[in-house]
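Presented sequentially are two complexes of subunit A, the first with subunit B as partner and the second with subunit C.
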Partner chain A sequence: MSDPTNAAAPETAAPDMAGLTKRQLKRMKRFDNPWNNPKLIWGVSLLLGIVALGIFGRLFWDTDLVFTGAVMPSQAPVGFENLRGQVGLASSPLGTDVAGKDLLALLIVGAPNSLYVGVLASLIGMSLGIFLGFTAGYTGGRVDDVIRVSSDVMITIPPLLILVVVQASFGDITLTMMAVLIAAFVWQSPTRLIRAQVLSMRESGYVQMARLSGASDRHIMFREMLPNLVPYLFGSFIANVTTAIVTAVGLEVLGLGPQRVPTLGRVIYDAIDSAALTRDMWWWWGFPTVLLMVMFIGLLLINLGLDEVSNPRLRRL
Partner chain B sequence: MSILDIKNIHIDFPTSKGVVHAVTDVTLSVEKGRRIGFIGESGSGKTTTALAAMRMLANPGFVASGEVHLNSLDGDTNVLHLDEEGMRRVRLRKISYIPQGAMNSLNPVMRVEAQIWDAVVAHEGAMEQAALQARSDAALNGVGLDPRVVGRLYPHELSGGMKQRVCIAIGTCLTPDLIIADEPTSALDVITQRHVMQTLREMQAKIGAGLILIGHDMGLMAQSVDDIAVLKKGVLVEFGPVRKIIEDATHPYTRELISSVPLVGGESFLQAQAAPPKGEALDVPLLELDGVSKVYGSVTALHPMSFALDGEEPKIISIVGQSGSGKSTMGSLMLGFNDPTGGQVRFKGDDINAMNAAERLEFRKQVQAVFQDPYACFNPFYRVNHALKFPFENFGMQGDVDAAMREACEAVGLDPGLVLGRYPHQLSGGQRQRLIVARALMLSPKLLIADEPVSMVDASLRATILANIHDLKDKHGISIIYITHDLATAYHVSDYVMVLYHGHVVEAGPPTEVIGDPQHAYTRLLIDSIPWPDLDRDWGDAGDARAALDKLAEIGGTPETVYRGDIPGFTLRQG
Partner chain C sequence: MARYLANRLFTLFLTVFIAATLIWIIPRLSPVNPIDAMLGRMASGGGTIENSGAIMEQLMERFGFNDPWYVQYFLYIKNTLTFDFGLSTNSFPTPVAQMIGGALPWTIGLMMVALIITFIIGNLLGALMVWEHTPRPWKAVIPAMMVFTSMPPILSGLLLMYVFSSTLPWFPLNGAYGINVEPEWSLSFIGSVIHHGVLPAMSIVVVTFGFWALGMRGLMITVQGEDYTVLAKAKGLKKRYILYKYMIRNAILPQITAFALKIGMLVAGQVLVERIFAYPGMGKLLYDAILTQDYPVIQGVSFVIILMTALAVFLVDLIYPLIDPRIRLGG
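Entry: the complex of A and B
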């Protein structure tokens, strides 16, 4: 009983690896490293693909083709015909729009821009959320009341309603400005999430142990609590990127947002505005839509993957 | 005639680390009207074996091989061959289950009687309202609850003991062949535990069913069952009549389980020490409570009380009481985690709630604690070293941290190479709690507050950890406040005991007086309710338990304090 080696023995029977199929063993090996998760890997690859499009596109393609009249207007992609029976040329492999902009150049510049708005808005929102959530949960009292009520009120306000009014009155704005405006609507859910976690962690044994050890409030918040929140923060961050991109694209498709910088939403707005649907110019709205889908599927897969990483019960044998 | 035969059953759990054989080759039979106890530590497979009979194994567990025969079934008696619908009809009607947490197993939005009707209708089909009412009235009467009052209540309006008795009523309303009770009293205090267990025994004897009682407390088993099955790591190591097991166990593990239950007046599990080292002599008491009280809203958790603890001669003061007696409130007041509503807590003469940052750090360095839950005490993000290293460095202590950690681990009987550098989830509960004791030792405080340090640790390790804590006093001169609900351990480790009831001290004095020969009605009741692992010391029947609860109600809110003598260096007064 007092033998230390004996005390280390687990109380349950030891696992047995015999009698498993090769396939099961292989799947099990994967669980040794939870980050080695297929969903996560696929999601990250899809997003990296968008970033790579932006980087390599700038190296190998002329981004000046995004300007009006740079190429022949209304051309179909290579191997397809437009309504006038002109076959698309290799000089504009994804076709062109009615104003003579090259679609490939538009995507190379626009797709990373959309991602940038989403990531920046989410980063600002998360930072606000972490700060407010920790303050509310750890301080409590009147401060908590103010933060809780204001985030609850903000959550009920439809962001698009406000943003349409604000952006319409601003006129032309930059991408960063737009991200900041969207960030004003994505801090509420991380605030609530972190506040709830901090409230329960504040009473936990290890926080009490840290207080016994004479730890400062800052040490408890950032060294004891924050590391345990990382899975939640990641998940919340990715969900917020999705929300921010949806909001940004929504505004752009309405013709709001940056007027002079190509974004995926802006391309779709132009396509709708120039009746691309009735003129059968499917490439004009189709390619940006596909890229947006890739982006959202990538984000969704990352979120599902992170969920499995932080919650081992979701992993299946 | 046996009602349930389990034959050579193997139960496997495929996990990400390989297949865990939770139960290996267990064979046993339950006779009609017989009570069987399944005893073992957490993870020993006792619940898993019992649940296999109901086919209610937790995912992803499955019965790999073996047979479970329920002999009252027609035709094929193997329950593992039944289809879902057949199994549904067996559950509750043939085999009923009384769960561990009655709080979570009743439907919160249904009246108690309606939950009994649900069970009856599900198995016997729709019937007249009057007939249903008669059934629920009979079931509630059987467990000693007034059907006209309790039947109309919702679960949140009942106490824990009443909820557990409602579960017994539901479990017995269809007169099943077999009742499986999974630690039915683990969340209840000893007084209520006795009442619930007596009710369960009474009902089981009335309907003549078999009973499987799952538990880890040898004392409770001795008082409640006819046969005991001892499981260890999924293997049935011993099975036999309770008297034979208790008095003449053959397997060393069984003997260890029995000896791990400390007895009042029995042999001590501690080794006597020579004179313990002295603490520093001060003009003021080490810790002083001066008229301290604590009120939460309309509830008074602690009535004004005062005591002074002199640190020169290290001693262990036990604070004993049931849940809600205010003992943990006292602990957090002494640690300065909570502000007292009235009075002052003084450490070496300074009010601990009026200290500046530097004084507070010094106070923290000198007053340490061991908490109840060893699983929560380590930050899952860090290796266990963090919990030991951080305070050492934060308090600016001299010396080599790693050497100090290794030394402290060895002092509490842990192999430093085995536990240091691991993550908390890789260690067992006992190892973690010993590490917390090692942490306290490393910081060498003047005072240690141990709040239920062993209540969540497996029985076989409790004595070891208490011995470690006792060593802190004997070998290192640390005074200890030991907060517990367990009178038997308090009897052995402490120099002075105070019994708390509803925030009042009802009896206080040296343990041989207070626990060995209790005078106050409440202390006596507590001691009578302890289930002794001694067959000749009977627990009494349900009538006794009911009378005891009535007596407890009479004591009411403002009991008298009985002082049973003093020890040098400690003074206590209520008010």
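Entry: the complex of A and C
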């Protein structure tokens, strides 16, 4: 049966070539670079924007304003009024909290901190994952059993809950400490992923060829196998950065993050704690929330873009 | 089958055992002596304490800190496995198990509702993203709905709270039921619970459905090109019938595995949602315990949530071979 809606709308992606528009056909002929992906580019730009806020913000704005009592408390952003009817001043363009901390300064210092924790935790987790995944997949036997079972076990345990116990017992910690602790919970998925890939690659033609030519194990692992894993590794890395930031923000919102360094989660914690919602101080929780959202949207776009790079079926014409 | 079962059961026990051990070891690595901390709080509350040395001795004995570590450890494991988490130090002498028992139904109720809504909405939207007969406006709107994916639900919670509770007074700001309603099986109570549960549940749904939608999209693209789909079309079956019975039904299987793994993240995220909505579940219990440094409660809540996650993963592993007859058991 012919489908009238489909015939009228030839742009819908149909598996046959005849249904394609001229534009789509042109796009198919073009030799295009999969890395030149709009989602990927948008995602990277958003994250670079946050990094730029951290770098250039420090040059143009006084970061000492993050301390208690640095400016007049409870001010609205420029162009708005607080509950007492005072207009926001240009001296604190994004407003201030009840303790007299400048919101703009808090964002400039806090946003890169969240990103730093995420990237560092993910880097450590990734390195562990690459090491363990290769060891498990390549060695096999007992070693493989131990690594497989422990990653199965650890993937079930939600990091936040163990970290709550850690923080509650140790008290204040630094950003780097927090990143290291979170890293202990983000090595499992790269380990599983790499193990599975290594197991399938071990039997492939080019690896056997390399082995026959007398290549060392190290050469096979890092020169023959690793380059093929790059898109997967990137994807896994970004997914882990997201998990790490979610965990870090979770700890901070529970009041368990670093106490002396400003973080976005900590600002939200203070805002909720001082009933900013009922006091209608939307700028206090709103700006850090929006900034974190931008960060997560950036990470999501990068992840979707990387999916399309490694899986051509997902690419839209 | 027996080997598969034994394998899964072993992983379950190991998970619970390792989690329990971590929760036991971590506070003992801390430089802060819990009895010192407790005495410190007592002193700050009521001035000087006479005979603090004697009290300290007494408490050390009472909590068993004078026993060798292996005796302490085995006692702890024995108690934990029988759900005896000791007494809360903040609301002394309420047993921790009793406090958890009061909070657990709220958490499980909210989680189940959020989970079911997310799974249905997420998979349907994911399927619609690929289906060729999806109305044009939907094709444009659905991808835009994904922006909240993988955010912590506190962010969506704060926004929803601000819009639908502070600005538009449609839903209550916090709690699980109104202060003027008696907790009993009456229509007004159930209505109040639903009214209070909408925002917390929504804030979880908004950030989690995209995960399933994106997964479903990838799977549907694969199913779309399969021979059986083409044959079903050639047979002239109804479009919707093909979508539900041929495409979604085949694509949904890997989603069920992901379901199990996602439960852990969901539970952890919910801890935070409960904290901002002051919802009287495990998350609020945990948060209050953190504020008052109530270690037995912190440990008890963490253990129970990890146990729940591990059990959920185990159950999904058991159900999976029943749903997908193609799965190879024993591997």
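The rule is simple: the second predicted complex is superposed on the first by the 286 of 317 C-alpha atoms of A that agree within 3 Å, B and C clash if a C-alpha of one lies under 4 Å from a C-alpha of the other, contacts with A are read in each partner's own complex, and residues count from 1 in each chain.
The rule is short, and it goes like this: a residue touches a chain if its C-beta (ideal position, glycine included) is under 8 Å from a C-beta of that chain, and two chains touch if they have at least 3 such contacts.
Predicted model, so just to flag it, every value in this text is computed and none were measured.
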item	value
Touched partner set for A:M293, first subunit B, second subunit C, both or neither	second
Partner chain(s) touched by A:L304 [first = subunit B, second = subunit C, both, neither]	second
First (subunit B), second (subunit C), both or neither touched by A:S200	neither
Chain touching more of subunit A, residue-wise (subunit B, subunit C)	C
Partner chain(s) touched by A:I268 [first = subunit B, second = subunit C, both, neither]	second
Touching both subunit B and subunit C, residues of subunit A	1, 5, 12-15
Subunit A contact footprint on subunit C (complex, rising order)	10-11, 14-15, 18-19, 22-23, 26-27, 29-32, 132-133, 136, 146-152, 154-155, 158-159, 161-162, 165-166, 173, 214, 217-218, 221-222, 224-225, 236, 261, 264-265, 267-269, 271-272, 275-276, 286-287, 290-291, 293, 295, 298-299, 301-302, 305-306, 309-310, 313
Interfacial residue positions of subunit A with respect to subunit B in the complex	1-2, 4-5, 7-8, 10-20, 24, 28, 31, 204-206, 208-215, 224, 227-228, 312, 315, 317
Interfacial residue positions of subunit B with respect to subunit A in the complex	14-22, 24, 41-45, 60, 233-234, 256, 335, 337, 360-361, 364-365, 368-369, 371, 373, 375-382, 387, 390-391, 394-395, 413-415, 418-419, 427-428, 430-431, 434, 436, 458, 460-461, 463-464
Subunit A residues touching subunit C - in the complex, by the definition given at the top	1, 5-6, 9, 12-15, 149, 152-162, 164-166, 168-171, 242-243, 246-247, 249-250, 253-256, 268, 272, 277-278, 280, 282, 285-286, 289, 292-293, 296-297, 299-300, 304, 307, 311, 313-314
